[in-house]
C-alpha cells in the first residue's frame, strides 16, 4: 500500500512505525522541521518537511498514486483542509483524527472516515481502570453489548468450576459467553469447552449482551470493584 | 467514588465528562488557568488551578480521602511525580497515562497502573482503518488472538450461509468463533446459533486465535481489503 | 438581513462597517480579545470573543436564524471549518475569503461562495497604476473584455472631438463603447451621445471587447503610458 | 519597465507574479528572510533581503534607474518612509498601498499615488456577495453610478425580451445601459443591439447612473435578493 | 506654549520633565501602556495611551491648537508619519528626532526640523572623553571652529600667566579666544581681561578657529592627552 | 590609542565609526550576534561576540594593554559591572554611558567617568528647538552662563549695526560677548572686531553670563521666539 | 533587625522564610509581579514589586534605616548595582550572592560581603555524596583541614573500640579529633571521652587536619568508599 | 569512578569541574544545546546533548557501567524520572538535587540519596552573614549542636586568655569545644591545648552542643552581633 501520513507527532509517529513495519511505502508530511528530521532518521520512509494544506505538497508526496492518506495533526481545521485537498486529488481512502467531537459531523459530511475521538477512548480506559480494575480490556459491540477481558479473582463465584457447572449454577446468563481463557501468562488462549474448569487468576475474554455491569462482573471479578 | 483527575487537557476532559456522568465526586487539578476555567464551567466538579506536583495541592484536592487518582498530563515526568506524591498520601488506586513506551517500566516499578501508550492504540486503529477497512473495531487477546468486528461484504464467501453450512464448508477454522451478530443497525446483537444465517452487511463480532489475518478476514470481508 | 461576520481583522472590520451602516443586524465572532473589544466599541453590533470553529460559538451567534455568514479570517483552513459548520447549521448564504488560490476548488467543492483571491485583485490594481497610470479603475468582463475608467490626456487623439467624429476617424473600434463621461469632478456622469464632445481631463468609462490594450488606450491616454 | 516592489507579502507576491509575467525587470525588497527566499525561488526577479527604509537598500535595488516603485508593506509608516526615500532618489512613478484611510491625505500631500484602502474594497465585495448575490462584479463611477455584472434570473422581468421590447416596457430607464452580454460561459461577450434577446442565465454588464439599487436590479436579478 | 510630545521613552521622558518644569501645557502620546502610566504619574501633564500615527489621536491631543509637536519615538518611519499628520493638522512648529542619518534629508524635504542624530553626538562626547580627557565640553562652530571647556593642567604652559603674558609668549594664536574662566567650582565664570592670571585647575571656555587640535590644547591641557 | 568599546548599539556604532576613523586600534565587545556581525562588516576593528561582564572576554579583548574602555550598553547595571572588571584589569581610562540619572553617583563612587545622561542632553536640544527656534546650538558654562549659536533675524535690533554701535546702544551687556560670526554659509567664522557689522542671517556664536534668556536673545533673534 | 531582601526567587524565598521566622522586620523587593505576590501571601513581610536598581525603590523599602540588605537575584550585574546603591544609602551591612566566581573580586573591591559561589558548594556536596557516601556533611577549615560527619560502617576498624583503644591502636592520628557522636537518631550528640565506645552506625563529627582523605575515612567508613 | 552528571547548569557545571579535576571519567547529559556545547569546550568529559528522561540517552551515556549518577536539573519531576530510569539500569549510586522540600520524601521513598534543598542552605548562610557576621561558616550536628567558625573580636572576653583560663573563668561551657585555631591567615590550623592563648582575629573552629546562640558567640564575637 502507498500511504501518506500527515503529521509526525504523538499519533503520527507510532502510525509511521506500524505502517513501515507492515512493509508499506510511506510518505510523511510534517511542517515542523525538528519532527520531520526525527521521523526521517527513525523510519524507512520519505519525509516532506512542508505544509500539507498546500496542494503542491500533497502532489509532491505522490497523492495522485497514493492508496490512502491519514491526517493526524492536532488541528481539526488543518485535518479538514488536508482531507478536502486529498479528495480533490482523488486519494481513494482518506482517514482523519478528529479532536473535537463537535466536528465529527463535518468530517462525515465531506465523506471522510474518522478515528472516533481518540482521547475519549483513552479516557474511557482510564475510567474503567479505576472503576472496574479487574476488567483489563474491553470493546463495545452495538449499544450495550461488550466483549471484555477480566481477571478471575481468588474468591470469585466462578473460580474452581467448569463452564457446565457455572451454567447449571446460573452464574452465566444466556447473554454471556466465555470466548477464550488465557492462563499462566501463556500467549495462546484456550478455547473453552463445557468441561473446562475456570481457575483464579485466569484472564477470561467474555462477551456480555448487557455490557460490563456489576451483575456480570461479580461472577468473575474480585469483590472490591465498585463504581 | 471520590476521584482526582490531574490535567484537564485532551484526555483529562473526556475523562472528567465520563466520571461526572457516572455520578462520582470528581476533583480536577489543572495548572493552566484557561483550561481550569473551562473545565469548571463545563462539568459538575471542583477544579483546582494549581500545580499537582505540590503535595499541598493534592491535599487541597482531598487526596487523603480519595478512592483513586488518574494522572493525565502530557509529561511523563510530571505524571511520575504526581503518582509518587499520591502514593505518599496513600491514595488507594493510582493510574497514569504514559506517553513514552520506554517509561512503562518506571511506572510499574513504582507500582502505578498505566494506560498503555494511548497514541500507539490510536495509531493502530488508524492503520487498520486503511489497511483493513472492513474491520470496524478490534481487541487483542494475549499475543496473537483478537476479537474484532467486521462487516460482511456482499460477495463474502460466508454471506448467505448458516453457521453450520459455513462450518461444513470449512470457512471457519477451529480457532475462529462468531460471537455476535449486529443486523440492520439494531443496537442489540443476535447470539448466533448453528442455523443462524449470515447476511451481507451483517456486522459480526468474531474471535480469532490467529488474529486478524487475511485468511480469517477473507471469509467475511469484501475482497478489496489489502495490505 | 441577519449577518454573522467571522473575523474582525483587516477585512472583517470594514465589512462590519458596511454591514452595520446598511442597517443589518450584525454579529461578529473574533478570537482575539483586543480586536473583539475594538469592534465592540466601534460598531453597533454584538461581538462574541470566541473561536468560530466551535459549533457552540456559531450557535451563540445565532447561526440558526442567520441569513448569511461571511468568513474573513486569514487562515483558509479556519475559513473552511467555519463554512462547513455553518452549512451543518443550515446558514442559507455562506461566503468566504480565500487566500491561497490553490484552495479555491476546495471551497467550491463544498459549495461555498468565495471572494476570489483579494490580494491578487489589489496586486493587479497596483500593477496597472504603474503600467497604465491613466487607467483609474477597471473591471474584467469574461476572459478579455474590460470596462475601465481612463483620464483623457491633453494630447489624446480623441480630445476635442465628438463621439461621431471619433467614430468617423476610426479612433473607436466596433468593440469599444464609451459608456459614461465624468467632467469637472462632478459626481454624476454624462451619458454620451453622438454629438457629445470629449475634452481633455474627462474621466471616461469605456467598455473594450479586447481589454485594456495599448491600441485601445492610446486614443484616450497620455502618450507616456508604457508597459 | 524596471520596477521595484517593496514587500513580498500577501499583496507583494501576486504583484511580483503579474509584473514578472508582464516581462518587466523586477527587483523585490523584503525584510523577512523567509519571504525573501520564497520570492527568490518562485519568480524570475532579483530579491534583496533588507530593510527598504534605508537609502542604501533602495540604491542597491537600482532606484536611480527604476521606472516605478510600489510599496506594499503592511505598515503605512514604512510605506511613507519608503516613498519619501524613493522621491529623493527621483523614482518617476511611486505607488503605495495605504491601510488606514486616515493616512490617505498624507500620501497625497507628499505626492504619492495610492491604492485606495484595499481591505475596504474586499469588504464591499463580500458584502455585496451576501446582500445582492446576483451581482457578480461591480465598479463605482463617480459618486452614484456603477457598472456591474448581473446574472439574469429565470423569472426576471427582462428574461425573454429583446432590448427594444424591454425599453418599450419601461424596464430599462434612461440612466441604464446594457453594455455587454456573456452567454453560455463563452469568454467573448456579445455587444447588444436593439433586437438582441436577453435570456435567463445571461451575465449582463450594466451601467446604471443610480448605482446598484433594488429598482435597477429587480429587472434582472432573481427576486430573492434582499438587503 | 501648548506642546505635544510623542513618545515617553528615553528621550521623551526628560523632555517632558523640561517642558513641564518650564511651565508649558504638555500633552504626551505614548503607545506603550506601562510607559504612559509612568509618565502620567510622574509629570503634571495629560498622557494619551494611544498610537500617534492616527489622526484621531493627534486631534485628541489637541493638535489643532498646539504650538509645537516633538516626535521622539525610536522609529524614524513613525516619526515621519507623525510629522506629516501634524502638518496636515497645521501644527506650526514640528521637530523630530532622527536616528538614521540617511533619513535626515527626508525630514528636511517634508519641512520638519530635526535633532541631528543624537547618538552620534553622544558618541563624539564619549570619544573626546577618552581621547582628550581634559576637554570637558565642546560645541562645533561651522566646519572647523569649536568652543570648548578645558581644565588647565598643573604643568600647562599657560598656568600661572596672565592672558597678556600668554599672548606675548605666543601661546595663544590669533584664532583662539579665552571666553570665560570658571574657578574654584563657583557657578559664575569670570570674564577674562588682559591681566587675568590663568591658574592650574581653572576651567576655561575657549574659542578656537581651528577646533580642538593638539596644538591648541597642549597649551592648556595636561601633557597626558593623546589621540 | 588602543580602545575597547563595549556595545555596538545606537551609541556604540557611531563611536566605533569615530574611533576607527581617528586611526585608533579598536576592539568591540557585543553580545548580540547580529549586531556584532554588522559592526565587524562595517568597521576596521576586531569584534568579539560575547558577554562583556566576563573577565575572560575583557582579557580576550586585550584589556591588559588597552588605553581606554568605553561602556555603551543600555543597561546601567551591565555598564557598572563592565567598569568594575575593567578597573580590576587596570584599564587606565574608563568611561561609561549612564541612563538613569539616579545612578550617576554610583559610577562616581567607583571612580568611573561618565557621559552625563545623554538622553537629557537630547531632550534639552529638542526643547530649545521649539521654545527658541533661533538658537541653533548651545553649551552650558557653569551654572548659568552659556555659549550659543543664534541666527540674526531680519528685524533684530542688532542687525545692520557694528559691534561698537551695538555696544553704544546698550544692546549688548557686560556679560555678553560675540565670539564668532558665520556668514553666507562659509565654513570659517569671522572673528568679530569693533567695526564688524552684524547682518541679518548671520549665525553668531555668543557667550552670555546669564544664559539664554529672552533679554539676551531678543537683541538677535526674530521676535517670534516665545516660551 | 530591619532587613531588606532583594529577589524572591529560589534563594530569596527560603531566606525570607528564615528571616521572618527569626522575628526580624523584613522588606522584600521583587521585580516579577507573580513572585512578589506569592511572597506577600506566604510571609509576614512587606513586599515591593519594583526594580531594586532604582534608588527610589530602595528608599521606599526603608534603606535609610535598614540594618542589612541581602541581594539574591540571579544576575551578578544587578546584585552589584543594588549593593552600590545600598552603600550610597549607607546600609550598614550588605551581602550578596555571586554566581560567576570571576566576579568575586569585584564585590570585594567595592566592599560587599558575598556568599561564596553557592552552586559550587552544592556541587561539592553532591560530589562527596557519590565519592564518599559515608561522609554525611562537612566544612572546610582553612586550606586542608575539615570537620565532617561520617557514619561508622559495620566493618569499620574503629567500630566496637573506645576512643582510648582506637588511639592506642594508632587508628586516630594526632591531627584527628572526634568531636561529637550522634547515636540512635537522637538529636543531642554525646561528647566523647576516652572510654566512650564507638559503635557501628554511630554518626561521628570528626575534625581532621588533613581533610577528608582515604587514610582518615578508612577508619570510620565502610570499605566500599572509593574515589 | 565512572560518573554521569545530568544537567550542566548552575550546579552541574561546578560539579563537572570537581569531578573531572578528581580524575574521574565523567559523562554529562544536557538538553540545552548551548550549555552542552559550553561544557564540552570547558571540561575533559563526554557531553551528550539530549533528553536524560529517555532510557536510550542514559544507555548512550554508559549507565550500565556507571558507578554513580547525579541529577542536577532544576525540575524535581525530571530528576525523579532520571533517577527511576537510572535505577532500572542498575546504576549503583544515584544522587539528586531536590528543589521543593515537599518532594524530599518522594526521593527517599524511591531510594535515592538527595542533596537537601540547596537553596535553603544558601539562604541560611546569607542570613547568618547578616545576623551573626562574626560566624564565618557553620555545620549542623543533629538537631541543635553546631560546629562553626568564628572570628575573635578585639574586645571579646576570650581574647588574650589561654583555654585553661577561659575554662576557669567559665567562659566556655561543658558543651562547647574549641576544635581548631587559624591564625594570621595560615592555611594549617593549630590544634589547641590548655595553654594555647586565644588572640583577637583568631579564626576559631568551635563545637557547641547548643548551636550558635548569643550565649555561646558573645564570648568570641564582636559585641555588634545582633539578631
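By letter and in written order, the chains are A, B, C, D, E, F, G and H; residue numbering begins at 1 in each of them.
The rule we apply is simple: contacts are C-beta pairs under 8 Å (C-beta built on N, C-alpha and C of every residue); 3 or more make two chains touch, one makes a residue touch a chain.
In UniProt terms, the chains line up like this: A, B, C, D, E, F, G, H = Trk system potassium uptake protein TrkA.
These numbers come from a predicted model, not from an experiment.
Common neighbours of chain A and chain D, listed by label, are C. Steps from chain D to chain G, taking the shortest chain of touch contacts, total 3.
Centre-to-centre, using mean CA coordinates, chain B is 50 Å away from chain H. Chain C and chain H have CA centres that are 75 Å apart. Taken residue by residue, chain C touches two or more other chains at no position, since every residue touches fewer. Taken together, the touching pairs link the chains into one ring where each has two partners.
Listed in ring order from chain C, with chain D immediately after it, the chains are C, D, E, F, G, H, B, A. Residues 1, 3, 10-15, 17-19, 22-24, 67-68, 70, 72, 93, 95, 97, 99, 113, 115, 117-127, 129-131, 133, 137-145, 147, 149, 174-175, 177, 179-180, 182, 186-189, 191, 205, 207, 209, 226-227 of chain C touch chain D in their complex. The touching residues of chain E, counted against chain D in their complex, run 53-56, 75-78, 80-81, 84-85, 87-88, 100, 102-103, 105-106, 109-110.
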